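Below, each structure is written out as structure tokens.
Paired with chain B in one complex and with chain C in the other, chain A is shared by the two complexes that follow.
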Partner chain A sequence: MIEQAVAPVPTGAPTAEPILRLRDLRVTFDTVGGPARAVRGVSLDVFPGEAVAVVGESGSGKSVTMLATLGLLRGAAVSGSATYRGTELIGLAPSRLRHVRGAKISMVFQDPMTSLNPVLTVGRQLDMVMRAHNPDMSKKATRARAVDLLDQVAIAQAARRCDAYPHELSGGMRQRVMIAMAIANEPEVLIADEPTTALDVTVQAQIMDLLGRLQRERQLSLVLITHDLGVVAGAADRLAVMYAGKLVEHGTVPSVFAEPGHPYTRGLLACLPRLDRRGEMQAAIPGIPPSPLSLPPGCPFAPRCPDAVTACTEHEPVLVRTATSTIACSVHAPAAVVR
Partner chain B sequence: MIDPATTEPATSDPFVVARPDASAEPILSVRHLVKEFRVRERSRHAVVHAVSDVSFDVLAGQTLALVGESGCGKSTTGRCILRLTEPTSGQVVFRGQDLVTLGAKEMRAARRHLQIVFQDPQASLHPRMTVRRMLAEPMKVHGEPPDRVVARVDELISLVQLRPEHLDRYPHEFSGGQRQRVGIARALAISPALLVLDEPVSALDVSIQAEVVRLLADLRTRLHLAYIFIAHDLAVVRQIADRVAVMYLGKIVEIGAADHVYDTPQHPYTQALLSAVPIPDPAVQESRRRIVLSGELPSPIDPPSGCRFRTRCWRAEQRCTDVEPVLARTGLGSDHQVACHFPGDFGDAPSHLEPAPTFDAEAGS
Partner chain C sequence: MTALPPIALPVVVEPRTRRGRGRRPAWRRGPALVGLVVLALWVLVALTLPLWTPFGPLDPVDKRLLSPNAHHWLGTDALGRDVFTRVLWGARTSLPVAAIVILAAVIIGTIIGAVSGFFGGWIDAVLMRFVDITMAFPPILLAMAITASLGPSIRNAVIAMILVWWPIYARLLRAQVIAVRQRDFVDSAVAIGASRWLILRRYVLPMSYTPVLVNATMDFGQVVLLVASLSFIGLGARPPSPEWGAMITEGATNFYQWWIAAGPGLAILLVVLAFNFVGDGLRDTFDVRDDS
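Moving on, here comes the complex of A and B:
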């Protein structure tokens, strides 16, 4: 489908050139059950120094979108475009992609235990990350920098922890090590995939605080992939909501939280329990998300949508800008007929 | 925010919380519960102090939430109540009878009245049993007559809002939320008076959590059940708890009516914990006061002397190292108690804490 109504530069976005630009990104996995269309045409801009949250439930395609951008998906058909400062990343030769990945754009994963090598010390792993991009660095230099990095992510006794193995560290400390690795080569974009989901709430607060500080100090662009709208409220400037492999709404955090436009976003926000209120927990979204193997015709959310009309099952809606955000919904934002 | 004093209780709303009733008898009283695990650490013997001298009451028809972070002892406490984990010492008095002293046979009979629902319904349901067999099993164990079992199974499935045709399906045919309903139905099969709910919605997606919490609230009212609701998600707990006990390193640091604990927390740890929970509202989130704790949770093998939170506390003084604080009334509510030498509102809290001087000695080993 052609972008009909809007360029996906959202309401209230910074005016600079985007540093990361996704256009009609599509990812299809070949499975025994047939092609699974995990990402179905995502267009998104990430501007310098901003924090963008990509929100959705399990299976919405939020992680796959970012993994495809970095060429980290094997055996998937990826089409569309993802450019970093004008360089096309999709289809880029692995040797050239490696200069971008881990250096200009780096990623922090959800589970720090499975993403760290259990048989190498923290210092050795940091050393490898640095020397992959700066082969001329001496061991002495990488060691000094490793200690400095651990210090920056607020690990006490950094020199000693440099010689520790991952199992000797707590979950929160491991995630700090992951963040140290991600910033080791001074990237411009940091993609954090559910960085706090496996952590306790006070540790989660520590990690989000750290990410926020690094983002401000280094003018990083942060892409925060999460299912937790609470985390989004405190950490992101803009958010993009995904459902069944598509963006269904994006806009600035204050406006989307104040006036969610898409019925799915409304449902998500309505069913969230709040610490500061009692008795408002609603089962707002009946049913379960569709399988990427057999998507319903028309709008993928229509079978669960309280506002759905017949037309919703006939045409898949396109993103249309409203007064407060940009949504893909034929009921709340009918596309202007452009012919 | 809902003011409990001005809100008219409407019986149709399952979230209306029963007022703490002075005349209500506790159905369960836990006294001085201790659980220690012997472990080997670097080829020497050590003791993990998982639960250290925990006491609380659960009133009939009410929900007590045990909250805290990983390793605080909340799940171990729940398991000790049912003696799925054998307590090291202490009493668990259920309707006047100390469960800890019971023999295996008597304990099995007592479990008729106390049941548990586990976090992961995928792991706690038998993959090769139909729902019908699973719901009948506890009744057979407790010697229900077969004709009664058949009728009760039908009752149970509608009680948890599933359909009769679900009875002949296997666990893998259900979604996560439906599986947890089966787990709840199984726990209810023998009409217990008290359910221990160990992280009952943590494994579920947010939109499904709401359904299950509503179901639990509804069942509590209809069946006059008492719950011990063990959870780390404080926003979910707020929706269902009458009373809340906050645990840290094996001890209760604060306990009281949910509104008191949430709105006027007195223990520094409760304040830090609550302030760390993100609120999905950017306006609120920006203006609220947050405390980011420094350092790491000390090891339960070698907990700090005195107050166990002192190594991360901004109010800590010498006394906190020397003297262990005990739970004492705060004067804010009839049963609001806090274990702190310097309880108080959290106006004094710095938003960022410098590591306490003892931090490395505690966490570095």
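Moving on, here comes the complex of A and C:
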């Protein structure tokens, strides 16, 4: 039942070459309190056309991992490897990295209220995004495409909205504009960093529908960073759970949801409100995540873990393949060979 | 049964909305409007003066040291020139000089400040130390030293004032750029592949410019004052040219003919005050903290 996992090969993912391949990615911030190890060796593959959800609490390193991949962190020490179609992104010259950002790998941020330039119209911003990668495009061409893009992200009266300033649009519409900007250059990978956190619930569903539709229609690889497992259930093929800067579990969404291997994943799933269990007290994981400045010895989840044994605090578990997923837990998936 | 005293109801006064509908922006009302009108008049005078003035600024037109009268509103000076005419002519020096100095200082300060704030690192350190050194001297002292070493003339005074003035804007813009650079929309522009130059030009600078604009307006008055000061101590405009500072120097030698110095002094006062009013108004208009 238990096998040694060498690399996190996804169960049930397309058997193509990964489009984005992270290997032992580490990010350390130098803070006044000492080095904060935000990401401590993350390996993850993203295959063409699939939707991967990266899940974790605030500070688990999920956003930082993806920001580091695109070289968007200032003042952080990044090591390890992140390749896009074989091109190493970590340490890539800024001038070359610029041609990856937005054109090959795009990103949608959390807060659409502050992520748009307040002094330029929507159309002008779309124009700049397109011309950042295709300087030869005419104003007329970018304008036509801007209207088309706004149409694709389901903004009504796209031609009129094109001349609107961000403050004239609602939060949901602004996030649609952000998505339009992100897909303007036909990227292969779209990273959505908590794209619905700042929106209200009905708009959240619309934005997730839109992302799902775009992903299917364009065969995009979608990396969805979220702390909302409810969002993951409907939108992602695979799931990667992060805790204290490491992956603790990954596998396909159906199998992880049906049989979560890691106690942390179980805890997260138990926290989901369920319609079939009304009236019960909402479950919660006791305690708070450890500070990246002072991680406990052994498994970082051990202090909060209901299943923890003495061995948990002695050495940190490695990722091990189980029947349903891949988990890092000494109790539920003890490593056969210590690597 | 005694009649109840009338109850004193609190009078509810509708609070005047600071930014009610149709309310003019701060720079077009109150003192700012006065300042704007005064400045407009000065500019008009400076532009059209040669067309209607009955006297030349350098011509002796009457007896020497006449006190103000119906013919010569501010009297005549030691060489018999009409003081009022010369005061008006002074605007043709002070206003363009202030404009050139401010414009050049803003341009240089913008470039240096933007580069410094946006790129940071050692570029920032080097440029800002240079700014520190310049700003360590009182502006008038440094301007005096530079003008004196270049040789006294209005052109050299302009050069000196530009050199003294740009660090203010560089410092100001740098601080803004650093603040704006950390806003979300800049990060999202980076993530979408915009080049650094594009981000600086279209994302950061337009959002950083307000304090520079306000300060530049206020500094107009300061530069008018500074050029007058330099001329007053003989480092700017030389006699006989009709420059306010130089005229005050001439007035100072004729102590009992107060009008010779009071005329140009009044002109400086009007212009500086007007620029300050307009600058205050602009600041109130742009100040985001103001809209409660």
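By our rule, the second predicted complex is superposed on the first by the 324 of 339 C-alpha atoms of A that agree within 3 Å, B and C clash if a C-alpha of one lies under 4 Å from a C-alpha of the other, contacts with A are read in each partner's own complex, and residues count from 1 in each chain.
Going forward, contacts are C-beta pairs under 8 Å (C-beta built on N, C-alpha and C of every residue); 3 or more make two chains touch, one makes a residue touch a chain.
Keep in mind it's a predicted model, so treat the numbers as computed, not measured.
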Is A:Met128 touching the first partner chain B, the second partner chain C, both, or neither of them? second
Who does A:Leu116 touch here: chain B (first), chain C (second), both, or neither? second
Check the residue A:Thr31 against both partner chains and state whether it touches chain B (first), chain C (second), both, or neither. neither
Partner chain(s) touched by A:Leu72 [first = chain B, second = chain C, both, neither]: second
Go through the superposed model and pick first if A:Gln219 touches only chain B, second if only chain C, both, or neither. neither
Is A:Arg101 in contact with chain B, with chain C, with both, or with neither (first, second, both, neither)? second
Which partner chains sit in contact with A:Met181 here, chain B, chain C, both or neither? Use first/second/both/neither. second
With both structures placed on chain A, which of the two partners, chain B or chain C, ends up touching more residues of chain A? B
Who does A:Val253 touch here: chain B (first), chain C (second), both, or neither? first
Considering only the contact definition stated at the top, list the common interface residues of chain A for chain B and chain C. none
As the complex stands, chain A meets chain B at residues 57-58, 156-157, 160, 170, 172-173, 200-206, 208-209, 227-234, 253-254, 257-258, 267-269, 271-285, 288
Given the complex with chain A, which residues does chain C contribute to the contact? 183-185, 187-196, 198, 202-203, 206-207
Give every residue of chain B touching chain A within the complex, in rising order. 1-2, 13, 15-17, 69-70, 175, 205-207, 209-211, 213-214, 232-236, 238-239, 258-259, 262, 272-286, 290, 292-297, 352, 355, 359-360, 363-364
Residue set of chain A touching chain C in the complex reads 70, 72, 94, 98-103, 106-107, 109, 111, 114-120, 128-129, 132-133, 178, 181-182, 185
